[in-house]
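The chains carry the letters A, B, C, D, E and F, assigned in the order they are written, with residues numbered from 1 in each.
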Amino acid sequence: MTDSAHLTHVDEAGAARMVDVSAKSVSVRRAVAAGRLRTTSEVVDLLRRDGLPKGDALAVARVAGIMGAKHTPDLIPLCHPIALHGVTVDFELAGESVEITASAKTADRTGVEMEALTAVATAGLALIDMVKAVDPAASIEGVRVLRKEGGKTGDWVRPEDRP
Amino acid sequence: MTDSAHLTHVDEAGAARMVDVSAKSVSVRRAVAAGRLRTTSEVVDLLRRDGLPKGDALAVARVAGIMGAKHTPDLIPLCHPIALHGVTVDFELAGESVEITASAKTADRTGVEMEALTAVATAGLALIDMVKAVDPAASIEGVRVLRKEGGKTGDWVRPEDRP
Amino acid sequence: MTDSAHLTHVDEAGAARMVDVSAKSVSVRRAVAAGRLRTTSEVVDLLRRDGLPKGDALAVARVAGIMGAKHTPDLIPLCHPIALHGVTVDFELAGESVEITASAKTADRTGVEMEALTAVATAGLALIDMVKAVDPAASIEGVRVLRKEGGKTGDWVRPEDRP
Amino acid sequence: MTDSAHLTHVDEAGAARMVDVSAKSVSVRRAVAAGRLRTTSEVVDLLRRDGLPKGDALAVARVAGIMGAKHTPDLIPLCHPIALHGVTVDFELAGESVEITASAKTADRTGVEMEALTAVATAGLALIDMVKAVDPAASIEGVRVLRKEGGKTGDWVRPEDRP
Amino acid sequence: MTDSAHLTHVDEAGAARMVDVSAKSVSVRRAVAAGRLRTTSEVVDLLRRDGLPKGDALAVARVAGIMGAKHTPDLIPLCHPIALHGVTVDFELAGESVEITASAKTADRTGVEMEALTAVATAGLALIDMVKAVDPAASIEGVRVLRKEGGKTGDWVRPEDRP
Amino acid sequence: MTDSAHLTHVDEAGAARMVDVSAKSVSVRRAVAAGRLRTTSEVVDLLRRDGLPKGDALAVARVAGIMGAKHTPDLIPLCHPIALHGVTVDFELAGESVEITASAKTADRTGVEMEALTAVATAGLALIDMVKAVDPAASIEGVRVLRKEGGKTGDWVRPEDRP
């Protein structure tokens, strides 16, 4: 740890603040985040069957994720309320889990990784809500940023040693 | 999987709905959920140092969790807006992680596990927001219900084979 | 018009107020409302085709309606924030329109017709949002209560002379 | 219907998304929408009398409409949260109805017709809330865009054959 | 100060919490709060003139206060989301000030003084917003509880030595 | 009072409106507001002691203020939803009061004095919530703008004759 490492969201006296980004330039920024619903094969089968006409379960979770991204500044105390210019949420059904991937895009003064992460977490919570009567032990794992693009700090890709 | 297993939040045609709980009785219900911020020892040290006078970082995350519990019906599409009569959020700093535990309590017609889970997830997101400049790879793991009490279905404790 | 007719939501001096319902008893109340998206047969065909696996358009509008019901006290200034114990939103595709029906149920101190109406209006707005690139002239018609049940004033059914 | 007609808010697999508008340019955009409260002449008389000093009913509905416009991205799942630079809501009392007109203006990357429509619908719902004790059968009719200005697609005026 | 004096909203370790009120009984509770916009006689004249037909300024502030009361649990981190069964907001124009009085009523498990105070503060902020172009120095003074009724602790009236 | 003095937020007929600012230029704007919690020396001592490790009370109020600033357009009916690029909230404990100062910064088309004022008021309400069990008579005084910078009207400093 270098001497200069510190939490940007608290000042030198430790007081929380919304960091001033008014001098940062407007540029296109994008972030992709992922996570995983860990449940039972029974639940994954139910969700797969729901892939029939009018099956709303995955759509409900997708909408929850997209709307969750918009709620980010309401949920994360020190997050800036920013423009949000595009959000996608995707699911992939596996044996005993559902992989959740979300991307968020903006042309604004700060990054959108919190929006992508909030989309993943909210979609995961919505999935748990819908499956909890069948599997009350379902959990959300690995909510993390996969990559970021744009902004002054440039691109970032999740290092391989951080699974 | 038994034949009767189904997703309670969609009807027989697959359409999403907010399940009718108006006939359920008002009783005290409680849920405890947990999760974990996985980060670096450097970040955990920074959070620990923040445990000095006026260090707000953990308090910000705690407030985020408590307010997140109140936001649950805004975030989870099919969740009932219910009374919320008590919420606690606690953190335990370990080597490379922060354990997050939340409890929610109500005297209402339905359970509060979604409120406890949302508190954990929101506190975790707030922590990531505050540490992401130092550790952009921080993740949230194991967001899950530990136990539920009260209500018609009675008490539930997380089984040992579901870590 | 009888002499006693007046707007309950303003006092004798004309000032708006949230009417005191604290003395009303908790009882099960239900309301059903309906409305109609008027659009083109082309759009209705697109929505019908969307009834294939993973077609989310109607699910998005259904979720919008259910969440809209929960937002009622945020939107209607003098509405009470009440418990909401069940909501359903249904669509029926016709030639050039989509019939929208919503029901809301509560066990609380006041009725839920505003919640049912808000669900219909919000679902209709969400449909317009999704079809406006194809039909910018789509409109919402006939947002109205069909019937109410429960509460002190008893049941009410929409009279035939009010289409 | 041309072959290329499709719902812009779902991808080729039918999954809902918030369409990426980050590459669109910031320009002034305006939309005007309208609708109508259909009620009884008795109610219209009550609202007209309310046009006396301190009569708040129409003001409550106007505020509901303006605040409703601001709530648009909370209500419409796939709507972008955009800057909103001006909103007006006007009422015209007629025999058995109240004409509602709303305009919304922005300098941002996407149009504001949903904001204008939401203002009309919310003002209409607020009117129903205030008159429902006198006329429980009041309805909202013809919520529709009258014209749009600005943006890449240019101006649009409601065609005469779409009343 | 007695030894037992402590902040109820933090535990013995100083951690914030939403205090558990699930064991408290449902009873009718009421609170009245007040405050004052301090401005210029010019502004008070403008507001008084606005007391003509269609003058919306005081109505806007009244609606802001009523809706502010509903927003209380969103604004005050440790406040319980409770039922709110009646709210009134009144203004009295004096020489260089506007007296603001709000009352809130509930039949729930905890008091409503925060709701009454939030109504006063929000109405005051809305007044400042509307007069700030004429008087940028307008201020809000004396936001305080006048009296509380109901609940286990019984009635409370503001003591004369606390102006 | 000059003849031209009028309330900008209502039109010539008195109807409320969100003033059109789409033609104003984007520039950096800043506002500082202040206020005061008036309570007892006992409460101030409790808050001071809370300045020990893990004492959350002031942090809760600070977070309330920062999040309150973000809620401004939800609370103030005619306020524009704007970008908010930085917020700070500070407290100074004195004998029988807590001085509250908030600053808000943006690069947008309109000023941020309402955001700064809302931060002060919300922080003050959160403090009252936490101390009301010890001092039910605590009040908020002097919520006012101290200075504004940027924008077309230029800088403004609170005149000395307006305390």
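Rule of thumb we're sticking to: a residue touches a chain if its C-beta (ideal position, glycine included) is under 8 Å from a C-beta of that chain, and two chains touch if they have at least 3 such contacts.
Going by UniProt, the chains are A, B, C, D, E, F = Cyclic pyranopterin monophosphate synthase.
Remember, predicted model here, so these are calculated numbers, not experimental data.
*Asks:* I need the common contact partners of chain C and chain E, sorted by label.
*Replies:* Touches both chain C and chain E: B, D.
*Asks:* Could you check which of A-F, B-F or A-B has the same interface as C-E, with more than half of the contact pairs identical by residue number?
*Replies:* Repeat of the C-E interface: A-F.
*Asks:* Given that chain B and chain C are copies of one sequence and touch, is their interface built from the same residue numbers on both sides (over half shared) or different ones?
*Replies:* Different-residue interface.
*Asks:* Going by the average position of its CA atoms, which chain sits the greatest distance from chain B?
*Replies:* Between chain B and the rest, the longest centre separation is with D.
*Asks:* Could you find the chain whose CA centre sits the greatest distance from that of chain C?
*Replies:* When every chain centre is compared against chain C, the largest gap points to F.
*Asks:* What's the rotation, in steps of 5°, that superposes chain A's Cα atoms on chain F?
*Replies:* Between chain A and chain F the superposing rotation measures out at 120 degrees.
*Asks:* Can you compute the centre-to-centre distance for chain E and chain F, using the mean CA position of each chain? Integer Å is fine.
*Replies:* The computed centroid separation for chain E versus chain F comes out at 16 Å.
*Asks:* Could you work out how far the Cα centre of chain A sits from that of chain C, in whole Å?
*Replies:* 31
*Asks:* As a quick test, compute the distance in whole Å between the mean CA positions of chain B and chain D.
*Replies:* It comes to 37 Å between the two C-alpha centres.
*Asks:* Can you list the chain F residues in contact with two or more other chains?
*Replies:* Expected reply: 15-16, 52-56, 59-60, 62-64, 67, 74, 77-78, 81, 83.
*Asks:* Thinking of each chain as a vertex joined to the chains it touches, would you call that graph a line, ring, star, complete, or other?
*Replies:* Per interface graph, the chains form some other shape.
*Asks:* Would you please name all pairs of chains that touch?
*Replies:* Chain pairs that touch: A-B, A-C, A-D, A-F, B-C, B-E, B-F, C-D, C-E, D-E, D-F, E-F.
*Asks:* List the residues on chain A that touch chain D in their complex, please.
*Replies:* Against chain D, chain A makes touches at 28, 59, 62-63, 66-67, 69-70, 81, 83-90, 105-107.
*Asks:* Residues of chain D touching chain A in their complex?
*Replies:* These residues of chain D touch chain A: 11, 15-23, 73-74, 77-78, 80-83, 108-109.
*Asks:* Quick check: in the complex, which residue numbers of chain C touch chain D?
*Replies:* My answer: residues 1, 5-10, 13-16, 35, 42, 45-47, 50, 52-57, 59-60, 63-64, 67-68, 71, 74-79, 113-114, 117-118, 121-122, 124-126, 128-134, 136-145, 148, 156, 158-159, 162.
*Asks:* Can you list the residues on chain F that touch chain B in the complex?
*Replies:* The touching residues are 51-56, 58-60, 62-64, 67.
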